[in-house]
Every structure is written in C-alpha cells, then in structure tokens.
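I have placed the structure first, in the form of structure tokens, so that the comments after it can refer back to it.
Think of it as A, B and C in the order they're written, each chain with its own count starting at 1.
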Amino acid sequence: MSHEIAMRCEDVCKSFQGNTILDELSISVEKGELLAIIGPSGVGKTTLLKIMNGLICPDKGEVRLMDDRLRFDDEADLGARRKMALLSQEPYPLSKTVWENVAYPLHLRDEDDIEERVEDALEHVSLMDMAERNAGTLSSGELQRMAFARATVFEPEVLLLDEFTAHLDPYNISVLEDAVEWYVDEKDTAVVFVTHNLFQAERIAHTTAFLFDGQIIEKGTTEEVFEEAEDERTDAFVNGEMVF
Amino acid sequence: MTAEIIHITLLSIFVSISATLLASAMAVPLGTIMGLHKFRGKEIIRTITYTLYGFPPVVAGLIIYLMLSREGPLGSLNLLFTPTAMILAQMVLVFPIVTGLTMSSVSDVAKDVKETAMTLGADRWQTAKTVLNEARVGVISAVMVGFGRAIAEVGAVIMVGGNIRWHTRVLTTAIVLETRRGNFQYALILGGILLSVALIVFFVLKRYQDKGVRT
Amino acid sequence: MFSDGEDRGKKIAVVIIVAILIITCIIAWRSVYSGDELILATTTSTYDSGLLDEIVPMFEEEHDVRVRVMATGTGQALALGERGDADVLLVHSPEKEEEFIDSGHGNARYEVMYNEYVIVGPSDDPAGIRGMDDAEAAFELLYEEGATFCSRGDDSGTHMKELDIWEGADIEKDEIEGSDRYRSLGQGMGDTLRTANEFGDAYTLADESTYISLKEDLVELDILVRDEETLFNQYSVIPVSGARNSETAEDFAQWIVSDEIQGVIDEYTVKGERIFTANAKKTI
C-alpha cells in the first residue's frame, strides 16, 4: 500500500423512502489497498459502492477520487468515472463476443494497443480460449471472469466489486481472487469489495470495514477486525451471530 | 400487362420502403431517447403513442388529403395524387408504431445496459448507442412491423394517391380495383406478389437482426 | 466506436441518403410535368367499363399531355371538382351536375354518351316484373310484393336514379328505406350486383355496362326490365372552373364530343356488346 488516498467518502448520507441507509458515513481507501466491506444483508453495501462510483447521488456528503470531487452529474464526472470500475453481482454481457466485450471500454476511450491489452486482461482470468465465443453463451463463472477482464482492461485506479464471487465454484473463485491480487500488487489498484463470504475477506483483504446501522462501525487490518474487534457488534458479526 | 404488374410492384416497394426508412430515421432515435430517460409526462406520451397504433388509416388519408388539396394549407406544393403524398401518408401511420415499439424494446434493456455502459466509462452519446445496439433485435422488429403496416396500406393511399394508372397505383390499390371489377384471380395474384415482397424484405431484415447475436 | 457498429452505421446512413435522393428526384421530375398534366375525375362504373383506358391515350398523344384518371364515387368526383383538385369531370348525375354548374364550380356541361340502366333480379322472378317496360310500375310492384331490393346507397348516379324512380312511383323515401326488405349497401356497382346475386332473391338497379362485364359471375340474375325513357343514363363532361389547367380541360371536353371520338365511343365493345351510345349535341 502506498498510503496515498485513492478514494475518500466523507459524511455521506443517503435515505430511501424515509429509511436512512447511510448516516454520515466516512471511509477511505489507499492505492494498493484491498479493502473488504462486510455487514449483514440489506445494510447498504451496494448503495455505498454505487455512490462511490458516482451512479447514485448521496443526500449529503462528499466523495473524492484522488483530488477530484464527484459532482454526481453524468457529464461532469465522466473523467473520474473513467478511472473507476464497478463490477456487479450479475454482470450484463453485451451482445458481442467475449473479446469485443473486453475491448469495449477501450473503444469508449478511443485508446490504442487494444489487442495487447485485451489479451493480457483475458489471460489473467484464463479466458483466452473463449475469446471468440458469444458472451451470451457463457456460464456464470465464465461471465463473471469476462466482466472482471472488462472492468480491469483499462487499468482503473479504483476497482469496486459487489459480491463478485457469490454463487461461483471454487475454481472460478480462485481465478478471480488471484486476478484481483495481481492488480493490487502490480498496478497499485485500490480495491473495495463487498462480500458475504467472511472466509474470502480473511483470505485476501488487507483491511476490512464493518458496515452496520448506516455507519462504518470499525475498520482496521483484517486480522484486527476478525481477531480483536473493538466493538462488540463487530465481534458478534464475525463470529456468525446476529447483530442488533 | 406484365409491364404494368412490374410497375405496380416496383412502385409499391419504393413507396413503402421509403416511408418506412424515413419514418424510422426519426422514430428510432425518438423511441430510444424516450425509452432511456425519465421525463415529465412520459406515461402520457407513451399512452398517446400506443393509441396511435390504432389510428384509422382512412382518417389519416383524409387529413393529409385536406392538407394537400388545392384549397388546403399545403396546396401550393402540388403534391396531391403523387407517390410523394403516398409516402407521406404511410409515414404518418408507420411513425407511431416504430416509435412505440422501439421505446418498449429500449426500456426493457435500458437499466442494465445503461449501468454497465456508464460504469465502464461511456458518455451519454456512447451509452445511447450501446443501449440501441443491445435493443437491436426489438428495434428491427419494430421496423419490420412498420414496413408491414406500410405495404399493406390501402385506405390512406387511395385517398391521397388516387389509384391513378401508371402513376400512383400500387399493389394494394390495384387489388381493390380488380376486386371491384370482379377479376378475383388477378387480385389474388397481386396479393401473392405483395406477400412475396413482404417475405423478402423481412428475410433481409432478419439477417440484419441475427448479425448481432452470433453463436 | 466498435468496428462492427461503424460499418453498420455507415450502411444505414448510405441507405437513408440514397432513399432521400431518389425521392427528391421523383419530386423534381414530377414537378417538371405538372404543367402538362390533366386530372380527370370520373365514376367507378364509367372507369370500369374500360372506355377511358382506350381513348385517353389518344388524347394524351394528340395534345402532349399526361392525363391522370381517378375513379371515385360520384359524390367524391364532384367534391374534387369543387376543391379544384380535379380539372375535368366525366360523370352521370344530371341533377347534381346542374347544381355544380349553378354554384359556379363548372363552366359548362357537355353531353357525351348514354347507356341504359336495367332492373335485374332473380331468374325465377317471384315478383313477376319480367318484360315490363315501365320502371316506375315495376318498382311499385316490387314494393307491393315485398321483394328484396339491394340499393347502392352511396349517393352515386345510379343511386340517385333509383331514388328518382321510387319518387316517380309515389313511394316515399322513408317508407322504402324503412322496409326490412330494402338493403342499403353503400357499395359500388360491382359489389352491389354480387351481393344481390348472393341473396338469390334480390332485385337491383344496375347500369348495363357493369352488368354485362360481370354477367358470367352473376348466375342468379337476369335483366328483367328495360325502359328507354326512365332508365336513360346520360354521361356528361364538365371542365372545372378555375382549374389548374383550364385550357387543357376545355380542350378535353371539346375533344371528347368531337365526331372522331364520338365514333370511337360508339364502336367500343365489352365482351362483344356495345355499351355506350355517343350523343353529343352537334352544335358547339
């Protein structure tokens, strides 16, 4: 980790239909940091990721990518958005081949070296042999790997992953985890991933944050959070108990 | 007689394809924008569009006739009883259909595609293009339905075209004429030609549609 | 963007542009001819006889004009004349024609040719009108016998003549139209004849030329009554006042009443039978 802040949320508030989801939530992630966000279902983890990506506008608070403040306007934030990637739980395959799907973001940015970069991205997720397949025919594991390649081919500074290995078999999980770790180590990408899988968090995350009640209750190194939680709610959650 | 059949067939094809293309050139972008965005009055406009699917063609023909008539506001354009007037009449009928069906197809995929495109760094224009490409199957269906409407049109086309021999007589209006004269066999043959034309056009469009979904 | 999309986008653009160019050419080409165009509105029964298909090309050649022939109902033809959308009319409704002239829409009315209406009905003739030579008396008998009658019901020349006959037979319009044996079809002559044929027991008034051309299909129907006086069907040509091409319209009227064309009309046959008798007045 380089200790340079890649992304920061400050006092972010968001309510939906009268229910407060996020309540003056602040969190930051550094370049090269692999941050896991854990917490019970429906607590707002996906919402937080979408706010970080500029897709959802918070009621209050600031989000900064490096020094750029997100204005939550599609056109104004384009530059910032192009340095981030958000991978959802069920990615949408564009009706093209796998290769063309992965090349898509590079075409959007009108960049060169497309062939080389797409090849690299596909190799990291072991998908080169399926490059000419129509993306609509992929299995869920293959689709997730393609979506990952698609989201990383342009080397985003911040990678946001929403339960990206949920429902996948061990092989796909390990391929994807290896790929994530590679990007973090080699490209200094800041990664924020939301997961239900505490084993996964323990396995790969440098730091872990526990989101509950609209707040980040606790954030620290993964070891700290899992072994020596300061807050009793964190402690309860990581030990598989209900939290109130 | 064969020369006449050929003329009638070619004119039908020309009028209906032009009408469909021109109407779609406006309807597809409009339907895409409407399908992509929320805006005030969206539901009302959607309902109006669907209602226009059932717009009686004869009424459309009458309205256009009154506008193009010498006494009408556009009389000085001298467009009455010409193929151009027929194209206009067909455009009026095709336009709401292609708009509405495009809007539906785009709406179906809009949310997922929009999110995917934007998170991967697309700007507004690129997002719209991507959404349209993903809705391609539905959009081409919309154009097919529009063409079907155009080529089968009779009421409006007779009113503004006049079914004038060698000039504004197309397959459908010729069928009406021959039926009236009792030449049923001839009318059926013309009907068969019309269906064949439609078949060929749909076949071509379908190939285009399938191109986006390679296996 | 994507190479795929680019090609496709280009193709679509090309097609659209070509289509627009073609249309522009057609519009331009069409307007070159508009000065030399004559729009003739006539009735469907006149047009279906095929006479115009034969004689109009002769006029086109002689006068170097494109004649656009439109076949509509009588009412619509007159309406087109009123609005100036047609340059010259060839119709067969003397009363309505007089009205048209009187209200200033037509310059003059020139008689061109005539044929006859006939009363047709089922071959077995349940009402017993076969052979009568008085149309009004025949209609009266049909009414008394409660026979089924099919009317065109579309304000056409034929329909107007039919109403005249009922009037002449002292049968009120309301009375006859209220009768459940009276079918007002709102259709053209051919369809009306065919419908009468389908009924099997229906009578109707038809112009002879349409009947002749459809005779083979009308197996149930025979001509039952002829009446030279009452069933007289006069066709006239009327150049429209203030038409776009009034000179040519007038030329056409003069041409169709000329001896030469009158001769052609007289000799015109459908399935071997003459259907029109030329009767233009000899004076100009």
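Definition applied: a residue touches a chain if its C-beta (ideal position, glycine included) is under 8 Å from a C-beta of that chain, and two chains touch if they have at least 3 such contacts.
In this text the structure is predicted, and so the values were computed from the model without any measurement.
*Asks:* Which one of the chains is closest to the middle, using the mean of its C-alpha atoms?
*Replies:* That would be B.
*Asks:* Name the chain whose C-alpha centroid is most distant from the C-alpha centroid of chain A.
*Replies:* Of all the other chains, the one whose centre lies farthest from chain A is C.
*Asks:* From the mean C-alpha coordinate of chain A to that of chain C, what's the distance rounded to whole Å?
*Replies:* Measuring from centre to centre gives 78 Å for this pair.
*Asks:* Can you compute the centre-to-centre distance for chain A and chain B, using the mean CA position of each chain? Integer Å is fine.
*Replies:* 46
*Asks:* Centroid of chain B to centroid of chain C, CA atoms only: how many Å?
*Replies:* One centre to the other, that is 33 Å.
*Asks:* Two or more other chains in contact with one residue: find those residues in chain A.
*Replies:* Counting only residues that touch two or more other chains, chain A contributes 104, 108.
*Asks:* Can you list every residue of chain C that touches 2 or more other chains, as numbers and ranges?
*Replies:* Where chain C meets two or more other chains at a single residue, that happens at 1.
*Asks:* Can you list the residues of chain B that touch 2 or more other chains?
*Replies:* Only 126, 133 qualify.
*Asks:* Considering the complex alone, what residue numbers of chain B touch chain A?
*Replies:* So the residues of chain B touching chain A come out as 112-113, 115-116, 118-124, 126, 130, 133-134, 136, 212-215.
*Asks:* How about chain C: which of its residues touch chain B in the complex?
*Replies:* Counting only chain C, the residues touching chain B are 1, 5, 15-16, 19-20, 22-23, 26-27, 30-31, 34, 39, 44, 48, 53, 68-72, 83-85, 188, 190-191, 194, 213-214, 217, 244.
*Asks:* Can you list the chain B residues touching chain C in their complex?
*Replies:* 14, 17-18, 21-22, 25, 69-71, 78, 80-84, 87, 126, 129, 133, 162-165, 167, 177, 180-182
*Asks:* In their shared complex, at which residues does chain A touch chain B?
*Replies:* Counting only chain A, the residues touching chain B are 53, 55, 74-75, 78, 81-82, 84-86, 88, 91-92, 94-95, 97, 104-105, 108-109, 134, 136-137, 150-151, 154.
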